[in-house]
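Think of it as A, B and C in the order they're written, each chain with its own count starting at 1.
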Amino acid sequence: MLLQMLDYLGVAVFAVTGGIIASRKQLDFIAFLFFATLTGIGGGTLRDLLLGVPVFWVENEAYLLVCLIVSIFLWFFAYRIEQFSKPLRWADAIGISAYSVMGAAKALTVGDTVLVAVLMGVSTATFGGILRDTIAREPPSIVKPEIYVSAAFAGAGSFVVLMQLGAPQTVSAALAAALALLLRGGAILRGWSLPGYRAKGRR
Amino acid sequence: MLLQMLDYLGVAVFAVTGGIIASRKQLDFIAFLFFATLTGIGGGTLRDLLLGVPVFWVENEAYLLVCLIVSIFLWFFAYRIEQFSKPLRWADAIGISAYSVMGAAKALTVGDTVLVAVLMGVSTATFGGILRDTIAREPPSIVKPEIYVSAAFAGAGSFVVLMQLGAPQTVSAALAAALALLLRGGAILRGWSLPGYRAKGRR
Amino acid sequence: MLLQMLDYLGVAVFAVTGGIIASRKQLDFIAFLFFATLTGIGGGTLRDLLLGVPVFWVENEAYLLVCLIVSIFLWFFAYRIEQFSKPLRWADAIGISAYSVMGAAKALTVGDTVLVAVLMGVSTATFGGILRDTIAREPPSIVKPEIYVSAAFAGAGSFVVLMQLGAPQTVSAALAAALALLLRGGAILRGWSLPGYRAKGRR
(Lines give C-alpha, C1' and ligand atoms only; values in the text may rest on other atoms or scores of the structure.)
Protein backbone atom coordinates (compact mmCIF):
# COMPACT_ATOMS: atom_id res chain seq x y z
CA MET A 1 0.00 0.00 0.00
CA LEU A 2 2.63 2.53 1.03
CA LEU A 3 4.77 1.30 -1.86
CA GLN A 4 1.87 1.77 -4.27
CA MET A 5 1.36 5.29 -2.97
CA LEU A 6 5.08 6.05 -3.28
CA ASP A 7 4.90 4.88 -6.86
CA TYR A 8 2.09 7.25 -7.86
CA LEU A 9 3.68 10.02 -5.79
CA GLY A 10 7.00 9.55 -7.60
CA VAL A 11 5.36 9.70 -11.02
CA ALA A 12 3.31 12.76 -10.04
CA VAL A 13 6.10 14.86 -8.57
CA PHE A 14 8.53 14.03 -11.37
CA ALA A 15 5.77 15.00 -13.79
CA VAL A 16 5.50 18.30 -11.90
CA THR A 17 9.22 18.95 -12.46
CA GLY A 18 8.80 18.28 -16.18
CA GLY A 19 5.85 20.66 -16.36
CA ILE A 20 7.76 23.38 -14.50
CA ILE A 21 10.61 23.12 -17.03
CA ALA A 22 8.07 23.47 -19.86
CA SER A 23 6.47 26.49 -18.22
CA ARG A 24 9.82 28.20 -17.69
CA LYS A 25 10.60 27.75 -21.36
CA GLN A 26 7.09 29.04 -22.20
CA LEU A 27 6.32 26.01 -24.34
CA ASP A 28 2.86 24.96 -25.54
CA PHE A 29 0.52 22.50 -23.85
CA ILE A 30 1.68 19.46 -25.82
CA ALA A 31 5.22 20.19 -24.66
CA PHE A 32 3.92 20.29 -21.08
CA LEU A 33 2.49 16.82 -21.67
CA PHE A 34 5.72 15.65 -23.27
CA PHE A 35 8.04 16.81 -20.50
CA ALA A 36 5.69 15.81 -17.68
CA THR A 37 5.26 12.30 -19.10
CA LEU A 38 8.93 11.85 -20.02
CA THR A 39 10.11 12.84 -16.56
CA GLY A 40 7.27 11.12 -14.71
CA ILE A 41 7.67 7.68 -16.25
CA GLY A 42 11.29 7.79 -17.49
CA GLY A 43 13.00 6.28 -14.48
CA GLY A 44 10.49 3.51 -13.90
CA THR A 45 10.56 2.65 -17.59
CA LEU A 46 14.31 2.13 -17.50
CA ARG A 47 13.93 0.00 -14.35
CA ASP A 48 11.35 -2.29 -15.98
CA LEU A 49 13.36 -2.67 -19.19
CA LEU A 50 16.46 -3.63 -17.18
CA LEU A 51 14.52 -6.05 -14.98
CA GLY A 52 12.93 -7.61 -18.05
CA VAL A 53 9.39 -7.14 -16.74
CA PRO A 54 6.49 -5.46 -18.61
CA VAL A 55 6.74 -1.67 -18.56
CA PHE A 56 4.48 -0.43 -15.75
CA TRP A 57 2.51 2.18 -17.69
CA VAL A 58 1.88 -0.20 -20.58
CA GLU A 59 0.27 -2.54 -18.04
CA ASN A 60 -1.64 0.15 -16.18
CA GLU A 61 -2.44 3.36 -17.98
CA ALA A 62 -3.50 5.13 -14.79
CA TYR A 63 0.08 6.39 -14.62
CA LEU A 64 -0.39 8.17 -17.93
CA LEU A 65 -3.56 9.77 -16.61
CA VAL A 66 -1.58 11.06 -13.63
CA CYS A 67 0.85 12.75 -16.03
CA LEU A 68 -2.04 14.19 -18.04
CA ILE A 69 -3.73 15.61 -14.95
CA VAL A 70 -0.47 17.09 -13.68
CA SER A 71 0.09 18.73 -17.08
CA ILE A 72 -3.36 20.32 -17.09
CA PHE A 73 -2.92 21.50 -13.52
CA LEU A 74 0.46 23.06 -14.22
CA TRP A 75 -0.74 24.71 -17.43
CA PHE A 76 -3.09 26.76 -15.23
CA PHE A 77 -1.20 27.00 -11.96
CA ALA A 78 2.56 26.80 -12.68
CA TYR A 79 2.89 30.50 -11.91
CA ARG A 80 1.48 29.92 -8.43
CA ILE A 81 3.84 27.02 -7.78
CA GLU A 82 6.72 29.28 -8.74
CA GLN A 83 5.82 31.49 -5.78
CA PHE A 84 7.18 28.81 -3.48
CA SER A 85 10.92 28.64 -2.95
CA LYS A 86 12.71 26.30 -5.40
CA PRO A 87 9.62 24.26 -6.31
CA LEU A 88 11.37 22.27 -9.05
CA ARG A 89 14.14 21.10 -6.74
CA TRP A 90 11.78 20.14 -3.94
CA ALA A 91 9.48 18.17 -6.24
CA ASP A 92 12.56 16.50 -7.68
CA ALA A 93 13.73 15.67 -4.13
CA ILE A 94 10.41 14.01 -3.24
CA GLY A 95 10.56 12.08 -6.51
CA ILE A 96 14.06 10.84 -5.82
CA SER A 97 13.05 9.67 -2.36
CA ALA A 98 9.97 7.81 -3.54
CA TYR A 99 11.57 6.27 -6.60
CA SER A 100 14.82 5.13 -5.00
CA VAL A 101 12.77 2.97 -2.63
CA MET A 102 10.29 1.79 -5.29
CA GLY A 103 13.07 0.83 -7.70
CA ALA A 104 14.87 -1.24 -5.10
CA ALA A 105 11.62 -2.81 -3.88
CA LYS A 106 10.57 -3.91 -7.37
CA ALA A 107 13.99 -5.46 -8.02
CA LEU A 108 13.81 -7.41 -4.75
CA THR A 109 10.30 -8.58 -5.68
CA VAL A 110 11.59 -9.94 -8.97
CA GLY A 111 14.21 -11.86 -7.02
CA ASP A 112 17.35 -9.90 -7.79
CA THR A 113 20.36 -9.61 -5.52
CA VAL A 114 20.95 -6.71 -3.16
CA LEU A 115 23.60 -5.06 -5.33
CA VAL A 116 21.30 -5.09 -8.36
CA ALA A 117 18.43 -3.80 -6.21
CA VAL A 118 20.44 -0.82 -5.02
CA LEU A 119 21.50 0.04 -8.56
CA MET A 120 17.88 -0.23 -9.75
CA GLY A 121 16.83 2.19 -7.03
CA VAL A 122 19.48 4.69 -8.00
CA SER A 123 18.82 4.50 -11.74
CA THR A 124 15.05 4.66 -11.31
CA ALA A 125 15.38 7.73 -9.12
CA THR A 126 17.80 9.64 -11.32
CA PHE A 127 17.05 8.65 -14.92
CA GLY A 128 13.84 10.69 -15.39
CA GLY A 129 15.58 13.85 -14.27
CA ILE A 130 18.60 13.13 -16.45
CA LEU A 131 16.32 12.72 -19.49
CA ARG A 132 14.47 15.93 -18.61
CA ASP A 133 17.64 17.97 -18.19
CA THR A 134 19.39 16.52 -21.24
CA ILE A 135 16.50 17.15 -23.62
CA ALA A 136 15.74 20.59 -22.16
CA ARG A 137 19.48 21.35 -22.23
CA GLU A 138 19.65 22.25 -18.58
CA PRO A 139 22.79 21.42 -16.55
CA PRO A 140 22.14 17.96 -15.04
CA SER A 141 22.17 17.84 -11.25
CA ILE A 142 24.49 14.86 -11.29
CA VAL A 143 27.57 16.93 -12.14
CA LYS A 144 26.95 19.51 -9.43
CA PRO A 145 28.89 19.10 -6.17
CA GLU A 146 25.71 18.86 -4.04
CA ILE A 147 24.30 15.64 -2.66
CA TYR A 148 22.01 14.25 -5.36
CA VAL A 149 22.79 10.74 -6.55
CA SER A 150 24.02 10.15 -3.01
CA ALA A 151 20.50 10.73 -1.69
CA ALA A 152 19.10 8.13 -4.09
CA PHE A 153 21.90 5.80 -3.07
CA ALA A 154 21.12 6.28 0.62
CA GLY A 155 17.41 5.66 0.03
CA ALA A 156 17.87 2.50 -2.02
CA GLY A 157 20.71 1.21 0.14
CA SER A 158 19.00 1.73 3.49
CA PHE A 159 15.78 0.14 2.19
CA VAL A 160 17.66 -2.96 1.05
CA VAL A 161 19.58 -3.21 4.33
CA LEU A 162 16.42 -2.81 6.42
CA MET A 163 14.65 -5.48 4.40
CA GLN A 164 17.62 -7.82 4.84
CA LEU A 165 17.47 -7.21 8.57
CA GLY A 166 13.87 -8.38 8.51
CA ALA A 167 12.12 -5.05 9.04
CA PRO A 168 8.54 -4.86 7.73
CA GLN A 169 8.34 -3.50 4.18
CA THR A 170 6.23 -0.48 5.10
CA VAL A 171 8.59 0.57 7.89
CA SER A 172 11.65 0.05 5.69
CA ALA A 173 10.13 2.06 2.87
CA ALA A 174 9.07 4.94 5.10
CA LEU A 175 12.44 5.19 6.86
CA ALA A 176 14.46 4.89 3.66
CA ALA A 177 12.40 7.48 1.79
CA ALA A 178 12.65 9.84 4.76
CA LEU A 179 16.43 9.43 4.85
CA ALA A 180 16.77 10.20 1.14
CA LEU A 181 14.52 13.26 1.47
CA LEU A 182 16.45 14.48 4.51
CA LEU A 183 19.77 14.26 2.70
CA ARG A 184 18.54 15.91 -0.48
CA GLY A 185 16.64 18.51 1.53
CA GLY A 186 19.82 19.38 3.42
CA ALA A 187 21.55 19.84 0.05
CA ILE A 188 18.81 22.20 -1.16
CA LEU A 189 18.53 24.21 2.06
CA ARG A 190 22.11 24.22 3.28
CA GLY A 191 24.20 23.07 0.34
CA TRP A 192 25.18 19.78 1.98
CA SER A 193 27.78 17.97 -0.06
CA LEU A 194 30.21 15.11 0.24
CA PRO A 195 33.92 15.84 -0.09
CA GLY A 196 34.87 16.10 -3.75
CA TYR A 197 37.90 14.56 -5.36
CA ARG A 198 41.10 16.52 -4.85
CA ALA A 199 43.93 15.86 -7.27
CA LYS A 200 47.33 15.17 -5.75
CA GLY A 201 46.33 15.85 -2.18
CA ARG A 202 45.01 12.27 -2.08
CA ARG A 203 41.40 11.51 -1.28
CA MET B 1 0.56 -2.64 -47.16
CA LEU B 2 0.34 1.12 -46.67
CA LEU B 3 1.55 0.61 -43.10
CA GLN B 4 4.51 -1.42 -44.33
CA MET B 5 5.36 1.31 -46.81
CA LEU B 6 5.06 3.99 -44.11
CA ASP B 7 7.46 1.96 -41.99
CA TYR B 8 10.20 1.80 -44.62
CA LEU B 9 9.51 5.42 -45.56
CA GLY B 10 9.91 6.53 -41.96
CA VAL B 11 13.21 4.68 -41.57
CA ALA B 12 14.50 6.05 -44.89
CA VAL B 13 13.66 9.71 -44.34
CA PHE B 14 14.90 9.73 -40.76
CA ALA B 15 18.09 8.11 -42.06
CA VAL B 16 18.30 10.99 -44.56
CA THR B 17 18.14 13.52 -41.72
CA GLY B 18 20.96 11.71 -39.91
CA GLY B 19 23.07 11.71 -43.07
CA ILE B 20 22.46 15.42 -43.63
CA ILE B 21 23.66 16.19 -40.10
CA ALA B 22 26.81 14.12 -40.78
CA SER B 23 27.42 15.94 -44.06
CA ARG B 24 27.01 19.37 -42.48
CA LYS B 25 29.59 18.42 -39.86
CA GLN B 26 31.84 17.08 -42.66
CA LEU B 27 32.24 13.71 -40.94
CA ASP B 28 33.56 10.55 -42.55
CA PHE B 29 31.51 7.79 -44.17
CA ILE B 30 31.28 5.62 -41.06
CA ALA B 31 29.80 8.60 -39.22
CA PHE B 32 27.24 8.93 -42.05
CA LEU B 33 26.32 5.29 -41.41
CA PHE B 34 26.21 5.88 -37.66
CA PHE B 35 23.94 8.92 -37.74
CA ALA B 36 21.71 7.57 -40.51
CA THR B 37 21.17 4.27 -38.71
CA LEU B 38 20.77 5.85 -35.26
CA THR B 39 18.13 8.27 -36.48
CA GLY B 40 16.47 5.82 -38.86
CA ILE B 41 15.86 3.04 -36.38
CA GLY B 42 16.00 4.92 -33.04
CA GLY B 43 12.32 5.65 -32.61
CA GLY B 44 11.08 2.23 -33.69
CA THR B 45 13.63 0.57 -31.43
CA LEU B 46 12.32 2.44 -28.39
CA ARG B 47 8.76 1.51 -29.37
CA ASP B 48 9.58 -2.21 -29.59
CA LEU B 49 11.50 -2.22 -26.30
CA LEU B 50 8.58 -0.52 -24.54
CA LEU B 51 6.02 -2.87 -26.12
CA GLY B 52 8.14 -5.86 -25.16
CA VAL B 53 8.22 -7.24 -28.72
CA PRO B 54 11.36 -8.23 -30.67
CA VAL B 55 13.20 -5.21 -32.09
CA PHE B 56 12.11 -4.82 -35.73
CA TRP B 57 15.53 -4.58 -37.34
CA VAL B 58 16.86 -7.56 -35.40
CA GLU B 59 13.99 -9.55 -36.92
CA ASN B 60 14.34 -8.14 -40.43
CA GLU B 61 17.65 -6.71 -41.46
CA ALA B 62 16.22 -5.09 -44.59
CA TYR B 63 15.81 -1.96 -42.46
CA LEU B 64 19.56 -1.85 -41.90
CA LEU B 65 20.11 -2.15 -45.64
CA VAL B 66 17.83 0.86 -46.14
CA CYS B 67 20.04 2.87 -43.78
CA LEU B 68 23.16 1.67 -45.58
CA ILE B 69 21.78 2.63 -49.00
CA VAL B 70 20.68 6.04 -47.74
CA SER B 71 24.16 6.63 -46.31
CA ILE B 72 25.87 5.79 -49.60
CA PHE B 73 23.43 7.94 -51.52
CA LEU B 74 23.93 10.93 -49.22
CA TRP B 75 27.72 10.55 -49.24
CA PHE B 76 27.58 11.34 -52.95
CA PHE B 77 24.53 13.58 -53.21
CA ALA B 78 24.04 15.43 -49.92
CA TYR B 79 25.22 18.63 -51.56
CA ARG B 80 22.44 18.37 -54.14
CA ILE B 81 19.82 17.75 -51.47
CA GLU B 82 21.03 20.89 -49.71
CA GLN B 83 19.96 22.87 -52.78
CA PHE B 84 16.36 22.32 -51.77
CA SER B 85 14.90 24.56 -49.11
CA LYS B 86 15.23 23.15 -45.57
CA PRO B 87 15.72 19.50 -46.64
CA LEU B 88 16.49 18.27 -43.13
CA ARG B 89 13.29 19.69 -41.68
CA TRP B 90 11.11 18.37 -44.49
CA ALA B 91 12.57 14.88 -44.29
CA ASP B 92 12.11 15.01 -40.53
CA ALA B 93 8.48 16.10 -41.08
CA ILE B 94 7.75 13.14 -43.35
CA GLY B 95 9.41 10.83 -40.83
CA ILE B 96 7.31 12.17 -37.97
CA SER B 97 4.12 11.68 -39.98
CA ALA B 98 4.92 8.12 -41.00
CA TYR B 99 6.24 7.03 -37.61
CA SER B 100 3.51 8.56 -35.46
CA VAL B 101 0.97 6.40 -37.30
CA MET B 102 3.18 3.28 -37.39
CA GLY B 103 3.96 3.52 -33.69
CA ALA B 104 0.29 3.77 -32.74
CA ALA B 105 -0.67 1.01 -35.17
CA LYS B 106 1.88 -1.43 -33.78
CA ALA B 107 0.75 -0.75 -30.21
CA LEU B 108 -2.88 -1.40 -31.17
CA THR B 109 -1.84 -4.62 -32.90
CA VAL B 110 -0.16 -5.82 -29.72
CA GLY B 111 -3.41 -5.15 -27.90
CA ASP B 112 -2.59 -2.04 -25.93
CA THR B 113 -5.06 0.63 -24.87
CA VAL B 114 -5.66 3.83 -26.82
CA LEU B 115 -3.71 6.03 -24.40
CA VAL B 116 -0.66 3.78 -24.62
CA ALA B 117 -1.02 3.64 -28.41
CA VAL B 118 -0.99 7.44 -28.70
CA LEU B 119 2.09 7.69 -26.49
CA MET B 120 3.85 4.99 -28.55
CA GLY B 121 3.13 6.98 -31.70
CA VAL B 122 4.54 10.15 -30.21
CA SER B 123 7.66 8.55 -28.78
CA THR B 124 8.37 6.55 -31.93
CA ALA B 125 8.07 9.69 -34.04
CA THR B 126 10.23 11.93 -31.90
CA PHE B 127 12.87 9.70 -30.28
CA GLY B 128 15.11 9.20 -33.34
CA GLY B 129 15.38 12.93 -33.87
CA ILE B 130 16.02 13.56 -30.19
CA LEU B 131 18.88 11.03 -30.24
CA ARG B 132 20.28 12.60 -33.41
CA ASP B 133 20.16 16.14 -32.05
CA THR B 134 21.47 15.20 -28.60
CA ILE B 135 24.49 13.30 -29.88
CA ALA B 136 25.25 15.86 -32.60
CA ARG B 137 24.74 18.62 -30.02
CA GLU B 138 22.14 20.46 -32.08
CA PRO B 139 19.26 22.24 -30.34
CA PRO B 140 16.41 19.69 -30.18
CA SER B 141 13.23 20.71 -31.98
CA ILE B 142 11.16 19.83 -28.96
CA VAL B 143 12.12 22.97 -27.04
CA LYS B 144 11.36 25.33 -29.91
CA PRO B 145 7.98 27.09 -29.88
CA GLU B 146 6.93 25.65 -33.28
CA ILE B 147 4.53 22.77 -33.71
CA TYR B 148 6.61 19.59 -33.55
CA VAL B 149 5.58 17.07 -30.91
CA SER B 150 2.08 18.37 -31.49
CA ALA B 151 2.18 17.10 -35.07
CA ALA B 152 3.16 13.62 -33.89
CA PHE B 153 0.43 13.82 -31.28
CA ALA B 154 -2.15 14.78 -33.91
CA GLY B 155 -1.01 11.94 -36.20
CA ALA B 156 -1.08 9.24 -33.53
CA GLY B 157 -4.24 10.58 -31.90
CA SER B 158 -6.28 10.90 -35.08
CA PHE B 159 -5.21 7.42 -36.22
CA VAL B 160 -6.34 5.89 -32.96
CA VAL B 161 -9.66 7.78 -33.02
CA LEU B 162 -10.37 6.81 -36.63
CA MET B 163 -9.61 3.16 -35.87
CA GLN B 164 -11.92 3.28 -32.85
CA LEU B 165 -14.65 4.73 -35.08
CA GLY B 166 -14.29 1.70 -37.33
CA ALA B 167 -12.54 3.30 -40.30
CA PRO B 168 -10.46 0.94 -42.46
CA GLN B 169 -6.81 0.85 -41.40
CA THR B 170 -5.47 2.14 -44.72
CA VAL B 171 -7.81 5.12 -44.74
CA SER B 172 -7.08 5.92 -41.09
CA ALA B 173 -3.33 5.71 -41.68
CA ALA B 174 -3.41 7.89 -44.78
CA LEU B 175 -5.59 10.59 -43.21
CA ALA B 176 -3.63 10.64 -39.93
CA ALA B 177 -0.25 10.84 -41.65
CA ALA B 178 -1.54 13.61 -43.91
CA LEU B 179 -2.78 15.57 -40.90
CA ALA B 180 0.58 15.28 -39.11
CA LEU B 181 2.45 16.35 -42.25
CA LEU B 182 0.09 19.28 -42.80
CA LEU B 183 0.60 20.56 -39.26
CA ARG B 184 4.37 20.17 -39.31
CA GLY B 185 4.55 21.58 -42.85
CA GLY B 186 2.63 24.66 -41.70
CA ALA B 187 5.16 25.07 -38.90
CA ILE B 188 8.07 24.87 -41.35
CA LEU B 189 6.56 27.15 -44.00
CA ARG B 190 4.64 29.62 -41.88
CA GLY B 191 5.92 29.16 -38.36
CA TRP B 192 2.64 27.72 -37.06
CA SER B 193 2.69 27.33 -33.32
CA LEU B 194 0.34 26.71 -30.43
CA PRO B 195 0.03 29.37 -27.76
CA GLY B 196 2.91 29.09 -25.30
CA TYR B 197 2.68 29.26 -21.55
CA ARG B 198 2.43 32.79 -20.17
CA ALA B 199 3.35 33.26 -16.53
CA LYS B 200 0.88 35.15 -14.40
CA GLY B 201 -1.46 36.10 -17.23
CA ARG B 202 -3.00 32.65 -16.82
CA ARG B 203 -3.07 30.14 -19.67
CA MET C 1 37.73 -17.78 -22.22
CA LEU C 2 39.32 -14.93 -24.18
CA LEU C 3 35.83 -13.58 -24.83
CA GLN C 4 35.02 -13.71 -21.13
CA MET C 5 38.22 -11.85 -20.36
CA LEU C 6 37.47 -9.25 -23.04
CA ASP C 7 34.08 -8.75 -21.44
CA TYR C 8 35.45 -8.00 -17.96
CA LEU C 9 38.26 -5.95 -19.50
CA GLY C 10 35.77 -3.85 -21.46
CA VAL C 11 33.67 -3.17 -18.37
CA ALA C 12 36.75 -2.32 -16.30
CA VAL C 13 38.41 0.09 -18.71
CA PHE C 14 35.15 1.86 -19.55
CA ALA C 15 34.57 2.18 -15.81
CA VAL C 16 38.03 3.75 -15.60
CA THR C 17 37.05 6.38 -18.16
CA GLY C 18 33.92 7.20 -16.17
CA GLY C 19 35.95 7.54 -12.99
CA ILE C 20 38.49 9.81 -14.70
CA ILE C 21 35.67 12.12 -15.85
CA ALA C 22 34.36 12.23 -12.28
CA SER C 23 37.83 13.03 -10.92
CA ARG C 24 38.38 15.83 -13.44
CA LYS C 25 35.10 17.38 -12.38
CA GLN C 26 36.13 16.91 -8.71
CA LEU C 27 32.90 15.11 -7.89
CA ASP C 28 32.26 13.04 -4.77
CA PHE C 29 32.69 9.28 -4.36
CA ILE C 30 29.09 8.41 -5.21
CA ALA C 31 29.49 10.30 -8.49
CA PHE C 32 32.62 8.22 -9.17
CA LEU C 33 30.49 5.12 -8.69
CA PHE C 34 27.74 6.56 -10.88
CA PHE C 35 29.95 7.48 -13.83
CA ALA C 36 32.11 4.35 -13.58
CA THR C 37 29.06 2.07 -13.54
CA LEU C 38 27.14 4.00 -16.22
CA THR C 39 30.08 3.90 -18.62
CA GLY C 40 31.20 0.41 -17.69
CA ILE C 41 27.90 -1.35 -18.24
CA GLY C 42 26.08 1.10 -20.57
CA GLY C 43 27.04 -0.41 -23.90
CA GLY C 44 26.48 -4.03 -22.91
CA THR C 45 23.14 -3.11 -21.38
CA LEU C 46 21.93 -1.62 -24.66
CA ARG C 47 23.18 -4.72 -26.50
CA ASP C 48 21.25 -7.09 -24.23
CA LEU C 49 18.05 -5.02 -24.40
CA LEU C 50 18.23 -4.97 -28.20
CA LEU C 51 18.97 -8.70 -28.40
CA GLY C 52 16.11 -9.43 -26.02
CA VAL C 53 18.30 -11.43 -23.63
CA PRO C 54 18.59 -10.87 -19.85
CA VAL C 55 20.82 -7.91 -19.01
CA PHE C 56 24.28 -9.30 -18.20
CA TRP C 57 24.85 -7.55 -14.87
CA VAL C 58 21.38 -8.46 -13.60
CA GLU C 59 22.34 -12.08 -14.21
CA ASN C 60 25.85 -11.81 -12.80
CA GLU C 61 26.59 -9.07 -10.34
CA ALA C 62 30.35 -9.60 -10.54
CA TYR C 63 30.31 -6.88 -13.21
CA LEU C 64 28.94 -4.43 -10.66
CA LEU C 65 31.71 -5.38 -8.25
CA VAL C 66 34.25 -4.62 -10.99
CA CYS C 67 32.79 -1.11 -11.31
CA LEU C 68 32.85 -0.68 -7.55
CA ILE C 69 36.49 -1.74 -7.28
CA VAL C 70 37.50 0.52 -10.16
CA SER C 71 35.73 3.44 -8.46
CA ILE C 72 37.54 2.88 -5.18
CA PHE C 73 40.87 2.53 -6.97
CA LEU C 74 40.38 5.73 -8.96
CA TRP C 75 39.22 7.69 -5.90
CA PHE C 76 42.71 7.13 -4.50
CA PHE C 77 44.85 6.94 -7.61
CA ALA C 78 43.22 8.99 -10.38
CA TYR C 79 45.92 11.64 -9.99
CA ARG C 80 48.61 9.04 -10.71
CA ILE C 81 46.77 7.79 -13.79
CA GLU C 82 46.64 11.36 -15.04
CA GLN C 83 50.44 11.34 -15.13
CA PHE C 84 50.25 9.07 -18.16
CA SER C 85 49.60 10.65 -21.52
CA LYS C 86 45.89 10.81 -22.44
CA PRO C 87 44.78 8.05 -20.03
CA LEU C 88 41.07 8.58 -20.68
CA ARG C 89 41.43 8.16 -24.42
CA TRP C 90 43.62 5.08 -24.14
CA ALA C 91 41.28 3.37 -21.69
CA ASP C 92 38.40 4.26 -23.97
CA ALA C 93 40.32 2.78 -26.92
CA ILE C 94 40.86 -0.53 -25.13
CA GLY C 95 37.20 -0.57 -24.17
CA ILE C 96 36.07 0.00 -27.74
CA SER C 97 38.29 -2.82 -28.98
CA ALA C 98 37.08 -5.32 -26.39
CA TYR C 99 33.41 -4.39 -26.62
CA SER C 100 33.13 -4.25 -30.41
CA VAL C 101 34.20 -7.91 -30.53
CA MET C 102 32.10 -8.98 -27.52
CA GLY C 103 28.98 -7.28 -28.87
CA ALA C 104 29.27 -8.98 -32.23
CA ALA C 105 30.11 -12.34 -30.62
CA LYS C 106 27.06 -12.26 -28.35
CA ALA C 107 24.77 -11.40 -31.27
CA LEU C 108 26.15 -14.32 -33.30
CA THR C 109 25.65 -16.63 -30.31
CA VAL C 110 22.01 -15.64 -30.11
CA GLY C 111 21.69 -16.53 -33.78
CA ASP C 112 21.46 -13.13 -35.42
CA THR C 113 22.60 -12.30 -38.94
CA VAL C 114 25.97 -10.78 -39.74
CA LEU C 115 24.61 -7.28 -40.36
CA VAL C 116 22.87 -7.24 -36.99
CA ALA C 117 26.00 -8.63 -35.33
CA VAL C 118 28.17 -5.84 -36.71
CA LEU C 119 25.69 -3.19 -35.58
CA MET C 120 25.55 -4.76 -32.10
CA GLY C 121 29.34 -4.62 -31.90
CA VAL C 122 29.39 -0.95 -32.87
CA SER C 123 26.59 0.11 -30.54
CA THR C 124 27.97 -1.88 -27.61
CA ALA C 125 31.38 -0.31 -28.09
CA THR C 126 30.23 3.28 -28.43
CA PHE C 127 27.09 3.63 -26.30
CA GLY C 128 28.74 3.71 -22.86
CA GLY C 129 31.03 6.53 -23.92
CA ILE C 130 28.16 8.44 -25.53
CA LEU C 131 26.18 8.21 -22.27
CA ARG C 132 29.23 9.33 -20.27
CA ASP C 133 29.95 12.32 -22.50
CA THR C 134 26.31 13.37 -22.83
CA ILE C 135 25.59 13.35 -19.10
CA ALA C 136 28.94 14.96 -18.23
CA ARG C 137 28.39 17.47 -21.04
CA GLU C 138 31.68 16.72 -22.75
CA PRO C 139 31.93 16.86 -26.56
CA PRO C 140 31.20 13.29 -27.75
CA SER C 141 34.01 11.66 -29.71
CA ILE C 142 31.63 10.62 -32.44
CA VAL C 143 31.41 14.11 -33.93
CA LYS C 144 35.17 14.62 -34.05
CA PRO C 145 36.91 13.97 -37.37
CA GLU C 146 39.22 11.28 -35.90
CA ILE C 147 38.72 7.56 -36.35
CA TYR C 148 36.42 6.44 -33.52
CA VAL C 149 33.23 4.69 -34.58
CA SER C 150 35.27 3.41 -37.51
CA ALA C 151 37.53 1.50 -35.11
CA ALA C 152 34.52 -0.19 -33.52
CA PHE C 153 33.19 -0.92 -36.99
CA ALA C 154 36.50 -2.48 -38.04
CA GLY C 155 36.63 -4.59 -34.88
CA ALA C 156 33.09 -5.91 -35.15
CA GLY C 157 33.24 -6.31 -38.93
CA SER C 158 36.53 -8.19 -39.03
CA PHE C 159 35.42 -10.49 -36.20
CA VAL C 160 32.23 -11.40 -38.06
CA VAL C 161 34.10 -11.94 -41.34
CA LEU C 162 36.74 -14.13 -39.68
CA MET C 163 34.05 -16.21 -37.97
CA GLN C 164 32.24 -16.63 -41.30
CA LEU C 165 35.51 -17.79 -42.87
CA GLY C 166 35.71 -20.50 -40.23
CA ALA C 167 38.52 -19.09 -38.09
CA PRO C 168 38.54 -20.24 -34.45
CA GLN C 169 36.71 -17.87 -32.14
CA THR C 170 39.74 -17.05 -30.01
CA VAL C 171 41.88 -16.20 -33.03
CA SER C 172 39.10 -14.11 -34.59
CA ALA C 173 38.53 -12.22 -31.35
CA ALA C 174 42.23 -11.52 -30.78
CA LEU C 175 42.85 -10.32 -34.33
CA ALA C 176 39.72 -8.19 -34.48
CA ALA C 177 40.34 -6.52 -31.13
CA ALA C 178 43.95 -5.84 -32.14
CA LEU C 179 42.80 -4.24 -35.40
CA ALA C 180 40.33 -1.96 -33.60
CA LEU C 181 42.97 -0.95 -31.05
CA LEU C 182 45.53 -0.30 -33.79
CA LEU C 183 43.16 1.99 -35.68
CA ARG C 184 42.01 3.90 -32.62
CA GLY C 185 45.59 4.07 -31.31
CA GLY C 186 46.72 5.58 -34.61
CA ALA C 187 43.98 8.18 -34.23
CA ILE C 188 45.15 9.07 -30.71
CA LEU C 189 48.89 9.12 -31.50
CA ARG C 190 48.91 10.46 -35.03
CA GLY C 191 45.43 11.87 -35.60
CA TRP C 192 44.49 9.22 -38.15
CA SER C 193 41.20 10.02 -39.81
CA LEU C 194 39.12 8.98 -42.78
CA PRO C 195 38.36 11.57 -45.45
CA GLY C 196 35.47 13.76 -44.34
CA TYR C 197 32.55 14.82 -46.45
CA ARG C 198 33.28 17.72 -48.77
CA ALA C 199 30.30 19.65 -50.10
CA LYS C 200 30.21 20.18 -53.85
CA GLY C 201 33.65 18.76 -54.57
CA ARG C 202 32.03 15.32 -54.46
CA ARG C 203 33.18 12.68 -52.06
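Basically, contacts are C-beta pairs under 8 Å (C-beta built on N, C-alpha and C of every residue); 3 or more make two chains touch, one makes a residue touch a chain.
Heads up on the chains, UniProt names are A, B, C = Trimeric intracellular cation channel family protein.
Every value quoted in this text rests on a predicted model; they were computed, and no experiment measured them.
Peer 1: For this assembly, give the contact graph shape among line, ring, star, complete and other.
Peer 2: complete
Peer 1: Between subunit C and subunit A, is it the same set of residue numbers doing the touching on each side, over half shared, or a different set?
Peer 2: Answer different: the two copies use largely distinct residue numbers here.
Peer 1: Can you compute the centre-to-centre distance for subunit A and subunit C, using the mean CA position of each chain? Integer Å is fine.
Peer 2: Roughly 29 Å, centre to centre.
Peer 1: Where in subunit B do residues touch two or more of the other chains?
Peer 2: Subunit B, residues with two or more chain partners: 49, 134.
Peer 1: Once bound in the complex, which stretches of subunit A touch subunit B?
Peer 2: Going by the criterion above, the answer is residues 22-23, 25-34, 37, 45, 49, 54-55, 57-58, 61, 64-65, 75-76, 78-79, 82, 134-137.
Peer 1: Okay, in this complex, where on subunit A does subunit C touch?
Peer 2: 49-52, 112-113, 115-116, 119, 122, 126, 130, 134, 139-140, 142-143, 145, 147, 149-150, 153, 193-200, 202-203
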